[in-house]
Structures are given as C-alpha cells and as structure tokens.
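What follows is chain A paired twice: with chain B in the first complex and chain C in the second.
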Partner chain A sequence: MKQIMLFFLFFLMTSQTAYAEFDIQYAIDQAKAGDSIHIPAGRYQGNFTVKKPIKLYGQKGTELYAQNDEPVLKIEHVSNVSIENIRITAKNKGIVANEADNLELRAIELKDIRVGIYLQQSRHIRILENRIIGNESHFAEKGNGIAIFKSEDVVIDQNTIEQVQDGIYVEEGTRIDVQRNKVTNSRYGTHFMYSSNVKVLFNTYLQNVTGLMVMMTTNLEISSNTISAHNGFNSYGLMMYDTQEAMVRENSFLHNRVGVALQKSSVIQIQENRFQMNQTALECTKVDERSIIMDNQFTGNILTARSDNRGLRLIHNFYDDYTGLDVTGDGFGDVPYVAVSSFGQWMVRQPVYQFFVASPSVVILTSLDQQINKTERNLLVDNEPKLLSNMKEIEFSLNILQLVIGFIVFMGSLWLWKRGIRV
Partner chain B sequence: MALEKGDTSVTRWIMIVIICGVILVGCGEKTYLPREINSETDVCEVCNMSIVHNEYAGQIVLKNGDYEIFDDIGCLMDYIELNGDGEVGAAYIKNKATNEWIDVYKAIYVYNKNYWTPMNYGVIAFATKDEAKEWMNDEEEGQLFAYRDLLTLNWGIHE
Partner chain C sequence: MFVKIELKQILRSRWMQLVAFLFAFVFVAIVVIQQMALPDIEGFTRQTASFLSVLLFLLPLFILTIGSMSIAGDIESGWLSLLKTYPMKRKQYITGKYVATVLAFLLVIVVAFGFVLTVGGLLGGVRLPIVLVILTLLCIIIFVSLGILLGVFAKTRLFALALSLVVWSFLLLLISYALMAIGAVVSGHLLQKLIIITIHINPVEWLRFGYFIFSNQASVLGPAFYDVTRFYLSPLGQVGYGIITILWIVLPLMLATKLLKEGERR
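Right, the complex of A and B next:
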C-alpha cells in the first residue's frame, strides 16, 4: 500500500516538471522566418524574446512562467508572429509587444498576472480568445488585462478578463475593434483615451466599477453590448467624457447606478437601447444640442434622465411611467413626457444625494414634479413618447430548435406510451 | 466661606482663559491641510476617473472645508480655470520624487509630451529644482515650469 502511495506521489510531482530537453529560446533563435515551433507540454521558466517572424504553438499543458519582474514573453520589432495555446504566469507583465506588425495572440491563458498583454506602437494586431485573470488585490494595485498604446488596426475578440484594473485599456489607438469580450470584477471593463475610429460590439461588462469608460475619443460605434450591475458609489454603465461623434445603439443597460453618463460631449446618438432597473438611466452635463436620445426604452428606472442642458433632445422613446393617452392612434402619446425631476437635478450637482433615492420625501417630491412639470417645454421633454415597448416583439419570438426538439420528445413519449413501455 | 470665594475666583479665571482662547483661535489664520486619497471612493472632480495613480494626484481644499480631488495636475488647472481660485483655501499636488503633498503654487513642474500621466498631459510636479533635474537625468529632458506658466499652458495631448 505504501509503495502504491509513493508511486502516485511521485507521479503527481513529476507530471508538472518542465521538459528540460526542450529549450524554447534556443528553438526560437534557430528557427527560420516563417517556421512553426511546437512546444511540448510542460512548465518552462524564463523570459523569452521573439524577434523574427515565427509561429509558437503550445501543446495542451504548456506553461511559461517568470520568477522575476520581467515579462515572460517579449515580441519586438517584428512582423508576422503568431502565439497560440500557451498558459502564462507572471508577477508583472505576461506578454509585451513593441513595434510589432501583423501579430496574432490566440487562446493564451494568463493567470495571477499584474498586466496580461501590453502592446505599444504596433499595428495589424489580433488578440483572440484569450483568458486573463488578475489577482485578488484592490484595483488600484493592479495593472490592465490588455493595455494598448499608440497602436492601430487592432482586433480584440472573444477574450475573458477578470479581476484587473481595466479589462481593456486603449490609449492613442486608431481603428480598434473590441468585440464579444467579457470583462468582470475590474475597475473599468474597457477604457479608451485619446483614440479614434473605435467599435465596441457584442461585449458583456458585468460588476465592474464602470462598464465602459470613453475619454477624449472620437468616432465610436458602441452596439449590442450588455452592460450590467455597475452599482458602486461612483459607478456608470457607460461614461463618455469629452467624446465626439458616437453612435450608441441596441445596448442593454441593466441594474447600474447610472446607465449612461455624458459629459462635455457632442454629436452623440443614443438609439434603440434598453435602460432597465438603473438608479438613473441617463445623465447629461454639457452635452451639445446635436446629441439625440431616440427610440430607447426606459423601464423600471428610479430616475429616467437628468441634465443641465436645455437642448438635450428626447425623441420617440418609450417610458414605463408615462401616463398619457393616444387618442389619435398613431402610436405616440398625445401629451409630452417630461423627465424633469427636481431631485434628479440636485443629484447632478451633489452625487451624495443618491442615498436618498426612493425615500418617502423624494417619492412625494417626484409626484409633485409630475404635476407641476406638465407645463415644461424645453428641459428633458419628449414631445412624442412611444406608447408600445419594442420588447413585445421579443416576447412572441420562437426558437425553432427548441420547438423541433420539443416536438420530437413529445412524439417519442407518445410512441412509448402507446407501446406500453415503462421508462 | 473663604473656600467658596476661592472657587469663584478660579472659575472666573478659567472662563477668561477659555474666552481668550476662543478669540485667539477665531482670529488666527485658518489652515487647510491635505487629506489622504481613498482609491475606493475618490474620483477626479473634472474627468471622473478614479484615483489609482496616487503619485500624480492633486487636491484643492476649499475655504468651506470641502475637498476636490484630481487625478492629474491638468484636471486641477482645468478646475481653477473654470471656477477661479477665490474659494481655494489651499491646493496640493503630489511630489513625484517623494509621493508627498506639496503646495501647487510653490511646486516646480517639468513638462515633456512623452511623460506619462493619468490624463497624458505630461506635466509632473516636484518640490525643488534639484529633484526635477534628477528626474530628467533618469528620464527624458523636459521643460521647467513654475505655477504661473501652467496658467497659460495649452493643456491636452500634444503631437
């Protein structure tokens, strides 16, 4: 028995040892341009550098780790490099790429790292299907999951990022596509600064301080994202500061302290989004008159909108607290919807008032507002509020696959019952 | 009876000392001390970013005792430009060399567009010229500024 136990212990201890006979850096140095290097499974300690166009593939169970503060993998001044299927553990940075062109990082797991992927002055980059997990410390002491500086034409697709400072941080980036990623439990899900031509599509941001932080950035498309449960003291679903020319469309903002906040921004179109169960759905300060809020659905929010700007345009939105009628039958309310709330306007100036939201005095004040504000004509007024929610269309949709499976199971059960077979 | 007289006299003296103390405190110049940054709750008053890089942070103590916190000296200057400094009791910025609070009006600043700061304005504060020069020896060379130069600086990212 003792020998069997010792055998298993020996097996467990040796199963994770590195393949001493395979020297990764030597293989990289010896490779010719365009070669593929297949790394055998095992743990490899070191700091590796790629300076030639090669492909690095890890077999299942390949792990690289660094015991010092240097990055595990550096990719420098090179074109056409591909890294795939490797696990990386590091105290500081996992992968650093500097002046890289046509680089692909795919299916890499970076765990317990400070900064996952750090990229600067690079272009034509694809960061796909990676998994980045930070550590348990406070976000102020962490680095970013994916950090991109002064780079262009970058696709960040289907990555999962948890417990870092900013899931995806982009500074001075051009033509950046962030799509189908999931970022949770971090400071900002995605953070843009001084960037342009940005697309943020089909991402999920959950339980961060703020889902999407956009600063000093121009020409954005933010569509079909789900941004939910950002409800800390300073949290926002989407925060846009000093941003120009953005289309925010078909997103879901759910259970956030503030769904969307706009500050010092211009030419922003917020269309066909779903604002549901937020403390405040929409907050706008210093937003220009060319920005519009159109065809959105506001349901279950404590405050629909607050703004300091008389020009903010609300058009054809659906509000669940609208009490008007549609006698003309055109689908729009006959009297304007007024979103002005005295309490909401105070909250713009003093965020600490949020702690009194839904208190009895605020409820009474809001009811008074609804009576008094019927004469309001400029501030937060939607002259043609939509009466039917678009969500009704979704309720009647059919899942064909589920229907077919259900039908087959039903017919099968019927057949078994008829034959008198006991299951 | 003699004891009661003594008691009254002592009480009178204590009252006089307290009143004098209150008057002196009232006439004295009010001090506005900086407070520590709390990364969990503090956000920049101007740009809304949470303060995670303490070594670049700034703060203004208003005369009413309120604190306005900033993540970058550029945001602090933006606030002063917008609101004036009439209500400012004191203003502090972190010394990059020592991570201690220093007076914004007396600090020495170094500017280089390549210096990284939270808002990328490229301006870093030091308590003395020697500290600033030591920084420039280790990093890239920059331009030395005093507070009055910041008032006319073209803030923003520079190509």
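Right, the complex of A and C next:
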C-alpha cells in the first residue's frame, strides 16, 4: 500500500492556529483506492469530500473547519473509508456520510457544532472513541451529536457527547449497537425511532432531559447502562413508546423523575435492574400482559410503580418498603407486595396531581392504601416479593468535625434552655 | 422583660420539653434508617421527603396548639388582665408573646438538629440541607403568628386546642383532599388553577412550594406548574415570595391585636 507522507520543515516553528498549506482535497483527489493520507498538524479551512476508499489520519493538532453552513467533511457513495484523529469545528454539520459502506470514524473531536456526525443510507459503520460537544443554545436550535438515518450494522462505541439535542439519534436503523458511550447535558441521551435489532449496552446517561427515548422500535436489548439524574419537568430515565420485544436488563436507574416509563408497549421484559431514589421508579400505561417486571431491586423510590389497569406483571422483585415476613424460608415474602396506591393511579390519569407528591396528605393516604390494598390481587401486585438484603450495614465511621459541631450545638442549646428556665 | 418571662414559662412547660425530645427522636430515626441505607444523593429523595413530611406534619401541630393555648391561657387565667395594669400596649403584648414563642421553638429545633448532627457524626456524617433548615425557620415564624391569632380568637385553652387541631387538619390534610376530590370532576387545567390559588392561601402549601423552589427541585411538582415555578425562580418572584411570607407573619399578628382590643372593648 502506497502511502502519501508529507512533512513541513517549518512545522515546529509555526503556531497551531496558523493556516496549514497542505492541500487536503488535492491529496484526496490524487490518492488511489486504499491509500492512507497523513494530514500534518495545522488548521485547514474548507469543505472536503471523500468519494474513494482511503484512510485519512490527522497528526496531533490537526483541525478542519468551515465558515459556511456546508459540512466540513462529506463522505459519499463509497466503501472502505477510515477517518481518524482529527478535530472538526463547524457552524452546522461536522461529518456527513451518504451511502457509505464500511466506514470507520475514530478519535475525532467535534466542537461547537450543531450536528456532529450525520449518516444516511449507510452500512457497516463504526463510530468509535469520538468526542462531540455542541453549543450553549436552546435544545430547539441544536442538532444531534450522532444522527443516523436508514442505515444498518452500525456500531457506536466509546463516544463522549455533551450539550447537543439528542446525543445519538437513530431513525429507521437496523442492527445498531450503542455501547460504552457517555451522553450528558443533552435533550435525549439516545433516541431511537422506527428502528429494529438495537443493542444499548454499558452506556452512561447523565443529566439529560431524558436518558433513553425509544419510539416505534422493535427488538431491543438495553443492558448494563447507568441512567441517572434526569429530573426535569418532563424527564424520564428510559421512555419507551409503542415499542415491542425489548429486554431491559441489569441497568441502574438512579435519581430520575421517572426511572422507566412504558407507554403502549408490548413484550417488554424488565429484569435485574436497580431502581434507586427515583421520584417514580416505574410508570406504565397500556402495557400488554406479556410484559414482565422481574428480579429488580426497588430502593428509596418515592413511588414504586403506577399503572393503568392493563398489563404489568411484577415477579420476584425486591422492595425496600415491603413489610412482610418469610416464615417458610424460601427467600420470598409470604404475603404479596402491593405497589398500587390511589395517588399513583390518579397521577397516571391526571398529571396535575403530581403537585401533591410526597405531601403530608398523600403520605397519610398512602399509609391507608397499604392497609386497604392488601386485598388487591391483580393490579401492581408481586405475589412473591424477594427478600434479599441489599441494604448496606450501618458503618460506625466517625465524622469528627460533624460530631464535635453537633455535640456543641446540642449541649449549647440544652444549656441555653436550662438558663432560659432560670431567668 | 416580658419576652424573658414568657420564654421562661414556655421553656418550663413539660409539653415543650416533650416536643424537643420528639423532634430529636424522629429526625434521628429518619437519618439512621434512610441515610445509612441509601447513597448520599442531592435532590428530592425519600429522605428529604420524609424530613419535609415530618416537619410539615408535626411542627405546625405543636406550634399552633402551644402558641394558641399560651395566649388563650393568659386570657382565661386572668394573667392578661393583670398585665393590663402595667403600661404595656396590646401590640407590645402580642409582639412579646410572638417573639418568646418563636425563640422557644427555635431552641427546640436547634436541640433536635444538634442531636441529629451528633448522631450523624457517629455514623460517618449526614447532610442537613440548608433549604430544609430555612424552611423550618419559616415554618416557625409563620405558624407562631397563626397560633397567636387562634389563641386570641379562642379565649379559652380548650377551645384554643380544638380550634388549632381543626385549623391544622384543614391546612395539612382536608384542603388537599378536597382539591384531589375536585380534580376527579373538573378538568386538569381548572385543578391546576385551584392548586395555584391554594399555594398562596395555605401556609403549609406555601412552605412546601418554597422548599421545592429554593432547593431547585421545582420539577417535582410536575410540568403543569412550570410557569408558576419559573416566575418564583426569577428575582421578581423571589421578592414576591418574601413579601407574601412577611404578610403571612404580619397579618395574623395585626388581626390578633385588633381582636384583642375589640374583645376588651366588649
């Protein structure tokens, strides 16, 4: 394989921000299929197009930028292209690939862009270890970090995405693997529409409006993700709408407004997940009876589950507010756990009721519910709640500063009290 | 001098000592059971919800009963008639009573929080959200004012106790249940408007709303309240919150003074 290697002797003498004189487009045009082009460090202005199977490597400090609204880099109607180690700055789109086959985008940094990577009608794509940072504008004015349309066999692995509309947006995609990415401060961490055969594994979604949004999609596996701190007015950890055949397994849903919301979905299996400290752990409407919630751990959630009258089977989950005993010693509670609460059901029907969440009146109502609903047999009932002990033991480690301050305040106030009585 | 005497009387009361014990016990129980079982996360968690519920449940109850019975007891026992022989205005009497009761409850809360911090220190450290502490202070200064008004209105200790319990149950429970019931027959839009009105005319909801606003947890209230929370998060809204809070303190005291004067005239 022939390689084009160009070096500039004055490279070390010049500033990184200076225009580089290497003509990237000329090098691309002159390259033969299979060639590797090494771009010397420097800033390159322009809109570059790749239409042949080449590899494009940037040296450390290579930056491409465009001052117009056209994409910085276009990859069109081509197979076997690899782009690596480049920084891209653009007003609009960074990289656009159209009808590409066997494309790899690796270690690319896209900054202050509207849309990072835009892909359509492409196959066998690898988007790896990129860093995409959007701008500070409102979500409505932002674009997506990685947007994929009508493509198949796409792997999106170990990317870091911040401040965009949707971190990863997939529409009409097939065989899409989203794994080990981190998406923060965006609208949706990952958003699937009309897609199938999707895997979402080992990702971290933090402080977005919604962590994972899945709509009109079939055949999903969502496993081992950490989805936390989605607490906006309309936030969800995972939201599935009109979704069929999904396995949601071994994820952690921490401190979200709603951990998982299912709407109009069927054959959903939610297994071995950890729901911790969410305002509502699980919210389901129009979920079919083949969907199951099994072997999950619910700890510290204000409301465990709310649902309409259909579907949602709870099986062998652990609930930290379960008060039953295991006299038989089989590891499961002897009386069913009833997650249904009047207030939770009202919230499903009339969202305005959310105002009263955890208010004193609702606390009393829920306590009454727990007594009255013990006879509930169908809605939100787990007949065999698991009794595992996942509570950490109380550690008697000392916080000396707090102990001293607390003791001084406590004793001081008692002294004041005593003195007040004597006055 | 009057404040000192009043403070001494309140602090001597066994009831007040029991209140301090109860608060310390309940708060420590919440801290130990929940904080040790759950990771330390900022935001609206079950622990903060429990703290908030206990505060809004117990503190107004004790303040209203103790505050109202204190002043009604003065009227009933003739202590107020004796005080009238001194050169003290009605306004001074009400203000003195108010300050003494506020100070007494502040001491109760300091005892409870001090105990929580001490036990928390033994368990590796606990966090007392500053907004929760401020909410406690606001709760005391608002409900002592209401308690004094109820005491002046009731005139006897028994009536003051009954009236306090009725008002407490209305503010804490019955208004909320009424709104929830109304919500079953009216549209969500209308219910939202009614709730917004209630926030302003019910001090319990006002304090609870304030907690969510100032702890940046307004989203807990749901998207239906986005506009009203956005307003109160703005500088103008925060000034508005301060003014309404002051009105909740001043108006009952003014009304109590007026009622006291009118009662004497009769």
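By our rule, the second predicted complex is superposed on the first by the 367 of 423 C-alpha atoms of A that agree within 3 Å, B and C clash if a C-alpha of one lies under 4 Å from a C-alpha of the other, contacts with A are read in each partner's own complex, and residues count from 1 in each chain.
By definition in this document, a residue touches a chain if its C-beta (ideal position, glycine included) is under 8 Å from a C-beta of that chain, and two chains touch if they have at least 3 such contacts.
As the structure is a prediction and not an experimental result, all values here were calculated from the model.
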(message) Quick one: is A:172 in contact with chain B, with chain C, with both, or with neither? Answer first, second, both or neither.
(response) first
(message) Output check: A:215 vs chain B and chain C. Expected answer is one of first, second, both, neither. What do you get?
(response) first
(message) If we overlay the two complexes on their shared chain A, which of chain B and chain C does A:331 touch? Say first, second, both or neither.
(response) neither
(request) For A:239, decide between first (touching chain B), second (touching chain C), both and neither. (result) first
(request) In the overlay, answer first, second, both or neither for which of chain B and chain C A:193 touches. (result) first
(request) Figure out whether A:263 sits in contact with chain B (first) or chain C (second), or with both, or with neither. (result) first
(request) In the overlay, answer first, second, both or neither for which of chain B and chain C A:139 touches. (result) first
(message) As a test of reading the superposition: which chain, chain B or chain C, is in touch with more residues of chain A?
(response) C
(message) Going by the contact definition given at the top, which residues of chain A touch chain B in one complex and chain C in the other?
(response) 233-234
(request) In the complex, go through chain C and note every residue touching chain A. (result) 4, 7-8, 11-12, 20, 32, 34, 36-39, 41, 43-47, 49, 52-53, 56-57, 104, 107, 110-111, 113-126, 172-173, 176-177, 179-180, 183, 188, 191-192, 195, 204-205, 208, 217-226
(message) Taking the touch rule as given, give the residues of chain B at its contact with chain A in the complex, in rising order.
(response) 39-41, 43, 47-52, 54, 119-120, 157
(message) Could you list, by residue number, the parts of chain A that touch chain C in their complex?
(response) 229, 231-235, 254-255, 257, 276-277, 279, 299-302, 320, 346, 350-365, 391-392, 394-414, 416-417, 420-423
(request) Spell out the part of chain A that touches chain B in their complex, as residue ranges. (result) 138-140, 165, 171-172, 187, 193-194, 209, 213, 215-216, 233-234, 236, 239, 241-242, 261, 263
